[in-house]
Amino acid sequence: MKTLQEVDDVVLDFSRQQRIGLPEAVLCEGKTAPQLVRILQLCEQNKTAMLLTRLSSEAFRLLPGKWKKSLDFDPVSRTAFFRKPQMAAGVSRVAIVSAGSSDTRVVLECQRTLAFAEHPCTVIQDVGVAGLWRLQKRLKEIAAHPIVIVVAGMDAALPSVVGGLVAGALIGVPTSTGYGVATGGHTALHSMLASCAQGIAVMNIDNGYGAACSALRMLNSFERLR
Amino acid sequence: MKTLQEVDDVVLDFSRQQRIGLPEAVLCEGKTAPQLVRILQLCEQNKTAMLLTRLSSEAFRLLPGKWKKSLDFDPVSRTAFFRKPQMAAGVSRVAIVSAGSSDTRVVLECQRTLAFAEHPCTVIQDVGVAGLWRLQKRLKEIAAHPIVIVVAGMDAALPSVVGGLVAGALIGVPTSTGYGVATGGHTALHSMLASCAQGIAVMNIDNGYGAACSALRMLNSFERLR
Amino acid sequence: MKTLQEVDDVVLDFSRQQRIGLPEAVLCEGKTAPQLVRILQLCEQNKTAMLLTRLSSEAFRLLPGKWKKSLDFDPVSRTAFFRKPQMAAGVSRVAIVSAGSSDTRVVLECQRTLAFAEHPCTVIQDVGVAGLWRLQKRLKEIAAHPIVIVVAGMDAALPSVVGGLVAGALIGVPTSTGYGVATGGHTALHSMLASCAQGIAVMNIDNGYGAACSALRMLNSFERLR
Amino acid sequence: MKTLQEVDDVVLDFSRQQRIGLPEAVLCEGKTAPQLVRILQLCEQNKTAMLLTRLSSEAFRLLPGKWKKSLDFDPVSRTAFFRKPQMAAGVSRVAIVSAGSSDTRVVLECQRTLAFAEHPCTVIQDVGVAGLWRLQKRLKEIAAHPIVIVVAGMDAALPSVVGGLVAGALIGVPTSTGYGVATGGHTALHSMLASCAQGIAVMNIDNGYGAACSALRMLNSFERLR
Amino acid sequence: MKTLQEVDDVVLDFSRQQRIGLPEAVLCEGKTAPQLVRILQLCEQNKTAMLLTRLSSEAFRLLPGKWKKSLDFDPVSRTAFFRKPQMAAGVSRVAIVSAGSSDTRVVLECQRTLAFAEHPCTVIQDVGVAGLWRLQKRLKEIAAHPIVIVVAGMDAALPSVVGGLVAGALIGVPTSTGYGVATGGHTALHSMLASCAQGIAVMNIDNGYGAACSALRMLNSFERLR
Amino acid sequence: MKTLQEVDDVVLDFSRQQRIGLPEAVLCEGKTAPQLVRILQLCEQNKTAMLLTRLSSEAFRLLPGKWKKSLDFDPVSRTAFFRKPQMAAGVSRVAIVSAGSSDTRVVLECQRTLAFAEHPCTVIQDVGVAGLWRLQKRLKEIAAHPIVIVVAGMDAALPSVVGGLVAGALIGVPTSTGYGVATGGHTALHSMLASCAQGIAVMNIDNGYGAACSALRMLNSFERLR
Amino acid sequence: MKTLQEVDDVVLDFSRQQRIGLPEAVLCEGKTAPQLVRILQLCEQNKTAMLLTRLSSEAFRLLPGKWKKSLDFDPVSRTAFFRKPQMAAGVSRVAIVSAGSSDTRVVLECQRTLAFAEHPCTVIQDVGVAGLWRLQKRLKEIAAHPIVIVVAGMDAALPSVVGGLVAGALIGVPTSTGYGVATGGHTALHSMLASCAQGIAVMNIDNGYGAACSALRMLNSFERLR
Amino acid sequence: MKTLQEVDDVVLDFSRQQRIGLPEAVLCEGKTAPQLVRILQLCEQNKTAMLLTRLSSEAFRLLPGKWKKSLDFDPVSRTAFFRKPQMAAGVSRVAIVSAGSSDTRVVLECQRTLAFAEHPCTVIQDVGVAGLWRLQKRLKEIAAHPIVIVVAGMDAALPSVVGGLVAGALIGVPTSTGYGVATGGHTALHSMLASCAQGIAVMNIDNGYGAACSALRMLNSFERLR
């Protein structure tokens, strides 16, 4: 019988950027260290940059030193860049707004995915509605962006309030912040889906990467329509 | 074998008002018309007033004419008074605030329970946060009440915003308004329980009666402490 | 005590179009006929058009004749227009793609909301992946739109396949089509949220209206960026 | 790209005490050690006391020595006081009643939150209804308090029995004590929400902090009404 | 192809009484009128009595007149006897205790199943713990029975209190009485399963028939051990 | 705007039989009468037979007389044949085994789908394990079939017992028979998926049509391998 | 403020044995080591035996040496006896039957609780229905006991088969054995509650202790009736 | 009282291969090391080969050295062979197709179970539909197998697409790959059960072993029909 190492278990989609304008990325959760090494080897051979998501500090630690050094790794967002992209200058078209500082890990996953695609963005954190003055102080700045990503856990009331005040495209990212009925983020998810504000498009729980991709799809369309 | 009519299946708690200061009430859902008649007969014999809740128009229609006439029935809130109490004058200490006009049936159940206990209250409807100006316009009036009951369905973002702006006792009542993930009111319930605003005490879904009882308990304590 | 008719239970948000570029709409589910009439009266006084959603044939039938006649009502999508808008000519920027013909009611709710906002759109139905040739035949046409709304029930595999082939902004609408584990649409919802394709933004189950609003938010931003 | 340390991710609500009469508190779960340090630094600069909740022994251990020493930390309730308040003398207006000794961690979170707000309270533990004599022995003492907080896990039958015997304001806190269907505390939560006793207002699972805040809101209103 | 009428779709278990001492019974829910007629014909041919459960008034109405007349039908418990048994005299060894009068339909299903097996029982209704005096008044009578069946919906606190006071075998039957989180009876079921009182054995929601069978199994064992 | 009738909302997959050896079928649930007529018209134009599933008696009644007459409709299984196939003679290779007579509607949906594909089958009903002798009496007959489909609701213990005694391919179909925790069929579904017997492949709840298709796939492979 | 050690948080129910014939027991899960020590001290002062349940090896390890030595601890069942009872001789009236060897921990919790109450029992393990011969070989022995406790996880088909073959009192204990849909034991629980066999009374998941208490209640009643 | 070691808690089903053509296997999860040793001793005495599933690296490590050496252990699939079978040559009749490389552990469990039963198979990994070209490249090869097992997590769209293109018997295995709504694999399970493609038979989450057994049942029937 073939051993795991001999099995051909990784097929990378190097044409994705060209086909749909989104960068190739790899979800590391559930993958073994040998699988991750094979993926990085394929990228190296192919001279391609790669975004790694859900790479825990533990999984990063298990990589061989050579590959560890090749990565720009951020432990809070659990993301890594293979072949770091040039940071984009220019106008920020995306605002990432969060309800609390416990949402930082999701905010950073989103920000770093946009950065990997060479898009700058504006980050405005800890402006949840329990202290409404925090949001009101930053509202004009938020509303100036054509795309607003709202990251919130627990009751996720923030996107409903933002949605009633801001005209641009709105993406909600529920987080698994909280305990009791908030555990796992399902309350935040359902709250966003059932929002009394119109036209909030919602991502999976903690999916900052997906929110960035949704924003990239819109930015692609903006470019095309110019 | 005994028939249903012979079975002694109703034991009313006529000492409740005296014991814990709350009016005797009967949940009509799941009770047959003969059971409801036996309950009203017991009240008549005992010269006691009685609040009936969850009395559907259909169940009301099935009561004998004599008993129908004896009731002050409201089809929207599905409540009825047996022996209508005198309406209370005096200062309103309870504000009932709702997010949308679909919540009216719960608002009225709450208002009528307070009325049955001879307490006036202030009703402020349709001030959900998707149009924040609606709440801001009424905020001062709401904050003037020592007890605020917030009724909301769907994402139930309203109590979180109110909770951050108002200092008094706060009771949340989730409603089953909405569809998809909002069906049945579980999203509103969980959203209130996980609220980022502090100290919101929550009732069962659609339980306007319970919210009124919770307010009555507080009013009882207020009286005692004077 | 005040009767229901005297209670001031409706506060319309006539500034919404101006504030966030979305048309005022009313969710009719859970509202009584007198409440709906009061809403239409307010619109008439205000000379405003209004979109009614989730208006069942039964609820429509219960309206007084005068108000019935004032509405352009569609029983399949359960929508009605008060003061019918002019139909938009011009280029279609939104494609609505559905998996099966059982999804028609949601497709039409979406299409009619866009129409009410005077935006044309392209409708491509019954191209689910069990017969992949149906999608492949229409793929080029779909990909030509900057915004693609995918409507699907049951396993909702369609948005994942479309998401891997199309570069534009992508909105998923799960439907409650199906039985057993598909009942209520939760499987379709979760499938879209967990899609292996990147950047699909998801709406509440059966929320064709919300998908249209999300598209309108993007179109608003497109306009602003020109 | 900015590093995490440079990001401005904490916005404290120092006006909360003044605005709604509740102390500023920070939920530590999900926050990194550097974030907690930044929060304590802001409090120190601002000369403000702060209540930390859900601070695990592990998270406490990761704080720098200087900040560890500045805190009055209790590992059972996972709370810490920055700038310890003076303990309140005077009459206890709040009774905290628990069903079993496994609920102690929630009882203490509640007690310490009240203490931080300088309110004394009375704690009566392990009086669950399986041995009804335990409750009956303490009933008169409990009933003497205008506010009663009942903490219970598993089937949470205690608040229903207390609710039928005590007239004051009643707050239920379900706990995650138990296994099988009781795991996570959802059975206790639902049992309290569906209680056959009237007017029990319910908090999120294990939310002793929230119960204290709800009591503080009532005490604020009591003060105002005097 | 064979039509439904020709298919041999009913196989009755006439040896059950002899094998395990429980009467043959038929769950009518989901069966067509022709199937029910075939079952009754088989009983008639076999000269066997039969208990029908979950026979709705509507399903009863659809039976041919001859078969309707052959049945002792009770619409509240939805049970019918084919070949009515002799009513048992003698000592009652089973007490059926219910929390509220909305539980009557389940109480009667239980009582009639015992009656069909020729066992008398004692019924004590509407003694829920919100008015604890009601239970205390009947406690001695309840405790005198070796088997106690407790029927309760909503929070189902009654069995926990009874379980702490009564020494005999204890069977809990949750009912689907209630709304919101109590809908469907899952809260009552979970509350009984997680009871703080020891040794409560629990049946499916609304399963009065099953509770009677459980009691019959115990009575069978009692007989054997004498 | 286009009316519903003008929208091109049905795309039939007439190449399915040729492509994957399964007959074209239409799920009628959620489709309007005009949509069903358009489907039948397309079949007539194409001279194709068609299987209709989930066609309720009510939906059948709403079809125009011409189309009603064209169908071989069975109300119990809610299936209809357009262009009735010739009944297959020959050896039966599929046994359909059910636990109770309430499962008949699903058994017939399965049987009629096989019949539509011109495969005979053997039906053995009401042999649930509560009376194990019923199964033992028919076991040899069941085991003689290379494919066994087991249909069961409630606890679905039958497939586990059959799975331990029979060597052939085994397909489980959970049904929504039952009440309380069995409501909707999820207990039966989960019980089959978690079966202690090896190699039971499971279909969606009540999906007799799908079980027949799974059997047809196997029969196709059998043919190919000969 | 009082420290945890000063709080009077344990109230033991030493009259339970006398009141309802069940031994005092303590659920150790969720209790701190100091709380457990206080409990054991109270037992020592009171010269009472005590059963400890859910005492993990880790929690046992954290007890002071003196108390560790005073306990008869079994790590598989996680139970401990303080003041070991004399082992009962005499006839076994309870059979504990399990489906698989993974259920041993629950079987032993049940067996040791009965032993603590000085009742012998018969244990028959690993006779699940996937190999029906295993059960058939032991059936006569099982049926000879007036009380049969069936312990099973995953699909829990065993109690349904036993229930159809055995006449005595039947108690089902679902276990959390299994993965996927079986995780946590909810499938086994629901399967037992929805069993097609009559009169199976069910305990909480993994609650071997409760099953023993239910059997003890029956044995108490047997004694009384002699 | 008997100790655990003395209890006769393992009854192996050595006749299974002969009775239903499937190899004896042992689920190791929940079993103690002494139990596993007893099982291996019984196999040695009986000169039988044995497949061990769900044997974690930790549980393997705890086995005595002699038994560790006797096993062919694979840590990724968590399977071990006692008495390694000869590897089968000959034609592969089963294709195992996976959506992503995170599904490898389930693919290998399936492959090794088939290998243990001496059946070769073809493994095609990482061909999920987000990059449809990956599947299209391998489609002809997949379709050449009479049995196709599809392993997929998250939205599990792959089996729906394969099911529309391939005629053979189709078995779906959902995996617990993913986060948020995908956690635990329920979304993948429900998606497969509700697939728009016909005749996909589904296994429990992560049950690669069961999928292999289902394929073995089909292969047994193929043999018989030749």
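A, B, C, D, E, F, G and H label the chains in the order they appear, each numbered from 1.
Quick note on the criterion: a contact is a pair of C-beta atoms (placed from the backbone, for glycine too) under 8 Å apart; a residue touches a chain by one contact, two chains touch by 3 or more.
If you're wondering where the values come from, they're calculated on a predicted model, not measured in any experiment.
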item	value
Common touching chains of subunit G and subunit E	D, F
Contact-pair overlap exceeding half with E-G, pair selected from B-E, B-D or E-F	B-D
Between subunit B and its twin subunit E, rotation from the CA superposition, multiple of 5 degrees	90
Copies subunit F and subunit E - interface residue numbers shared by over half, same or different	different
Subunit A and subunit D, separation of their C-alpha mean positions in angstrom	34
Whole-Å separation of chain centres (CA-atom averages), subunit A against subunit E	55
Chain centre separation (subunit F, subunit H; CA means) in Å	27
Computed distance of Cα centres, subunit G from subunit F, in Å	44
Touching two or more other chains - residue numbers and ranges from subunit H	100, 130-131, 163-165, 178, 180-182, 186, 189, 193-194, 198, 204-205, 207
Chains that touch, pairwise	A-B, A-C, A-D, A-H, B-C, B-D, B-E, C-F, C-H, D-E, D-G, E-F, E-G, F-G, F-H, G-H
Subunit C residues touching subunit A - in the complex, by the definition given at the top	19-22, 25, 93, 146-147, 163-171, 189, 193-194, 198-205, 207, 209-210, 212-218, 220-222, 224-226
Contact footprint of subunit B on subunit E as seen in their complex	74, 76, 87, 98, 100-105, 107-108, 111-112, 115, 123, 125-127, 130-131, 133-134, 153, 177-183
Contact set on subunit F toward subunit G in their complex	99-100, 128-132, 154-157, 160-161, 163-165, 178, 180-182, 186-198
Of subunit D, residues touching subunit A in the complex	1, 4, 7-11, 13, 15-16, 27, 29-32, 35, 39, 54, 176, 184-186, 189, 204-207
